[in-house]
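Below is one structure; the comments refer to it alone.
In this document, chain identifiers A, B, C, D, E and F correspond to the written order of the chains, with residue numbering beginning at 1 in each.
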Amino acid sequence: MKFGIVVNEGPYTHQAADTAYKFTKAVLEKGHDVHRVFFYHDGVNVGTRMSVPPQDDRHIQRNWSELAEKYDLDMVICIAAAQRRGIMDENEAKRQGLDGDNIAPGFRISGLGQLIEAGVQSDRLVTFGD
Amino acid sequence: MSILHTISKSPFQNQSLSSCVAHASSGDAILMIEDAVYGAVSGTAAAAQLAEGENISIYALGPDLSARGLGEAKLAEGINIVDYDGFVELAVEYDKTQSWL
Amino acid sequence: MNDMPEDGGGVVKKFLYVNRKAPYGTIYAQESLEVVLIGAAFEQDVSLAFLDDGVFQLVKGQNTDDIGVKNFSPTYRALGDFEVTKLFVEKESLAERGLTEDDLMEIMYEDEDDDWEEKPSITFVNKSELAAIMADQDVILSF
Amino acid sequence: MSILHTISKSPFQNQSLSSCVAHASSGDAILMIEDAVYGAVSGTAAAAQLAEGENISIYALGPDLSARGLGEAKLAEGINIVDYDGFVELAVEYDKTQSWL
Amino acid sequence: MNDMPEDGGGVVKKFLYVNRKAPYGTIYAQESLEVVLIGAAFEQDVSLAFLDDGVFQLVKGQNTDDIGVKNFSPTYRALGDFEVTKLFVEKESLAERGLTEDDLMEIMYEDEDDDWEEKPSITFVNKSELAAIMADQDVILSF
Amino acid sequence: MKFGIVVNEGPYTHQAADTAYKFTKAVLEKGHDVHRVFFYHDGVNVGTRMSVPPQDDRHIQRNWSELAEKYDLDMVICIAAAQRRGIMDENEAKRQGLDGDNIAPGFRISGLGQLIEAGVQSDRLVTFGD
């Protein structure tokens, strides 16, 4: 079965990004497909590579990046939500005249259409948020 | 078409559980995750609300119960405990998922 | 070009956007509306539900000048132009909040199947009717 | 020592207003800001709760009322409207501020 | 060195940390505790209040292994070592949540003014007693 | 009178950062002092210079940076909260081995002690959050 996953909250503040990770991992380990993970609202903040949590805490961004690499996950950050909140890839940073970017490996920035398309293409769409 | 409803917020702080129960249909399931698992404690107003749903299956996420120190002895009757695998199975079993954010 | 429909050709699903939060205090109402507008290009069967604090999104006379936040409420009145014409508002949620149907914006669309007659987009439903609408969907997006 | 209590969340979604009213003392003030201003609408359960506070002054932030389309005609009796300047004056007048987050 | 007390020399204020949120679902409980620990170095008159969902922070037997989030609950038991010894827990909040005093962790401190006798840090208070404690503070930090 | 201001939520998602800005501005325009504005929890995200909101929307970070410049405000971002969430100044970025930073003008990163000290030194401490 094909899943779409939506993550609406940022890392650490709400448990949503953790639960979504555990759920997505379980989906994949059970042999299902994940069509896309879409990060919206504060969820875009999961995709910053500048996060440095304490050594004895989980590294939420890295967990997601590693899952994406292992399963070739499509992880999309909403461009409109990301611009408001300051998450940038190289292209966007250049376009906005910024001196650097902060997106983490395995994430890509794209439009809201990718969320709708995930709803159309997936057998199940599951949202995690606050 | 059947719905798996998920709730993540404490019913003592937020109205989502109450609204969810009021909009669930016969044959649906409700899964409490994150802070919503406090709604599974026996003797509370939340547990009473959950028990009112007719022909609605009630689940709570075990890992979230353990994190919060809620052993099975504290839970109301009729609440089924699942882990993340069980969460996935529920999402497969029901036709769609609705998150009460 | 990121936001153009792709691959979905032919598939038409029933999409329900569930709006349960008040505007301005949090951004969810506004970012939900952004999804609805983009989603309109996908030619799916779209409905919007307003319940709980979500009914506050449609209150008329919103003026955000003094809080410095963008007033996005006029966009609801433009939804008809995007062929988003099915807005369901829960009666019990209104009553509990001291609101009547007259407190809401008038939202109209032109019905192309009926000689472009102007018709109201909002349908007022009770809780059990809304539960039935939810049960009838393929995809539910919650905000 | 007197307290200016602030609440920012809708009382229809969240318990903060209710808890705030229950912990306010005579001589305190309650100021509703952001989504909490919905609690000022007459005829609602929230407005009734606010009216129960004895010798507690009730305020709502005008800019937040306007943003949400709530004119004075919609408001319960006894609610005083202030702008950001008035908010500052209240914070000065009362000995300390407590935010009910 | 950022976190060392500065300038405040001599001033002692009554600080109340108000905890109204459950642990893990959001980070507020954990980051509140981080403030309390740092604040202990400032030698102010510190109290902690636990009411509403905040009482859940003190429930014993928390085990976060399966959610992958750090279990910070043992830190409450170490508060005595930081001379944070006044924890007020609201009885009505416990009862409404189906909890009794026995469901909470035992938190003790050694009283240096009483031959280092071990004493409980938690005092159970009712709503009106807690309101009086709030009224008595100089500074209230809410989480 | 001397105020301390605490901002607990990030930009755009919650109104708290907007209300705090309006309140702080009113405090200053009425001639009061602001001892410090302390950004904690998701509030640290207010201090990213990578935020690029739509043209017709307010620029929350820039509003704060301009207020700080005009009134010589002390705006402190909590270091522990910032590390988790990926807000870095030049020093911290170097220390963590990152290739760049993202802190906005007028903000500085420091410890939680600055929050307590604001409580001790201010006549009024006002918190904005969710």
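We adopt the following convention: contacts are C-beta pairs under 8 Å (C-beta built on N, C-alpha and C of every residue); 3 or more make two chains touch, one makes a residue touch a chain.
As the structure is a prediction and not an experimental result, all values here were calculated from the model.
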item: Chains touching both chain A and chain E; value: B, F
item: Selected pair, greater C-beta contact count between C-F and B-C; value: B-C
item: Fraction-based call for chain F against chain A, same above half, different below; value: same
item: Centre-to-centre distance between chain C and chain A (centres being mean Cα positions), rounded to whole Å; value: 26
item: Centre-of-Cα separation between chain D and chain C, whole angstrom; value: 29
item: Residue list for chain F, restricted to those that touch at least two other chains; value: 12-13, 15, 19, 22, 41, 54, 57, 80, 125, 127, 129-130
item: Contacts with 2+ other chains: residues of chain B; value: 8-9, 12-13, 15, 34-35, 63, 96-97, 99, 101
item: Of all residues in chain E, the ones touching two or more other chains; value: 21, 24-28, 52, 67, 69, 139-140, 142
item: Chain pairs in mutual contact under the definition given at the outset; value: A-B, A-C, A-E, A-F, B-C, B-D, B-E, C-D, C-F, D-E, D-F, E-F
item: Residues on chain B engaged by chain C in the complex (per definition of touch); value: 1-3, 15-16, 19, 22-25, 28, 96-101
item: Contact footprint of chain E on chain F as seen in their complex; value: 6, 40-41, 79-81, 110-117, 119-121, 125, 127, 129
item: Residue ranges of chain F in contact with chain C within the complex; value: 12-15, 18-19, 21-22, 54, 56-58, 63, 130
item: Contact footprint of chain A on chain E as seen in their complex; value: 24-27, 67-70
item: Chain E to chain B touching residues, read off their complex; value: 21-26, 52-53, 56, 59-67, 69, 71, 73, 96-99, 103
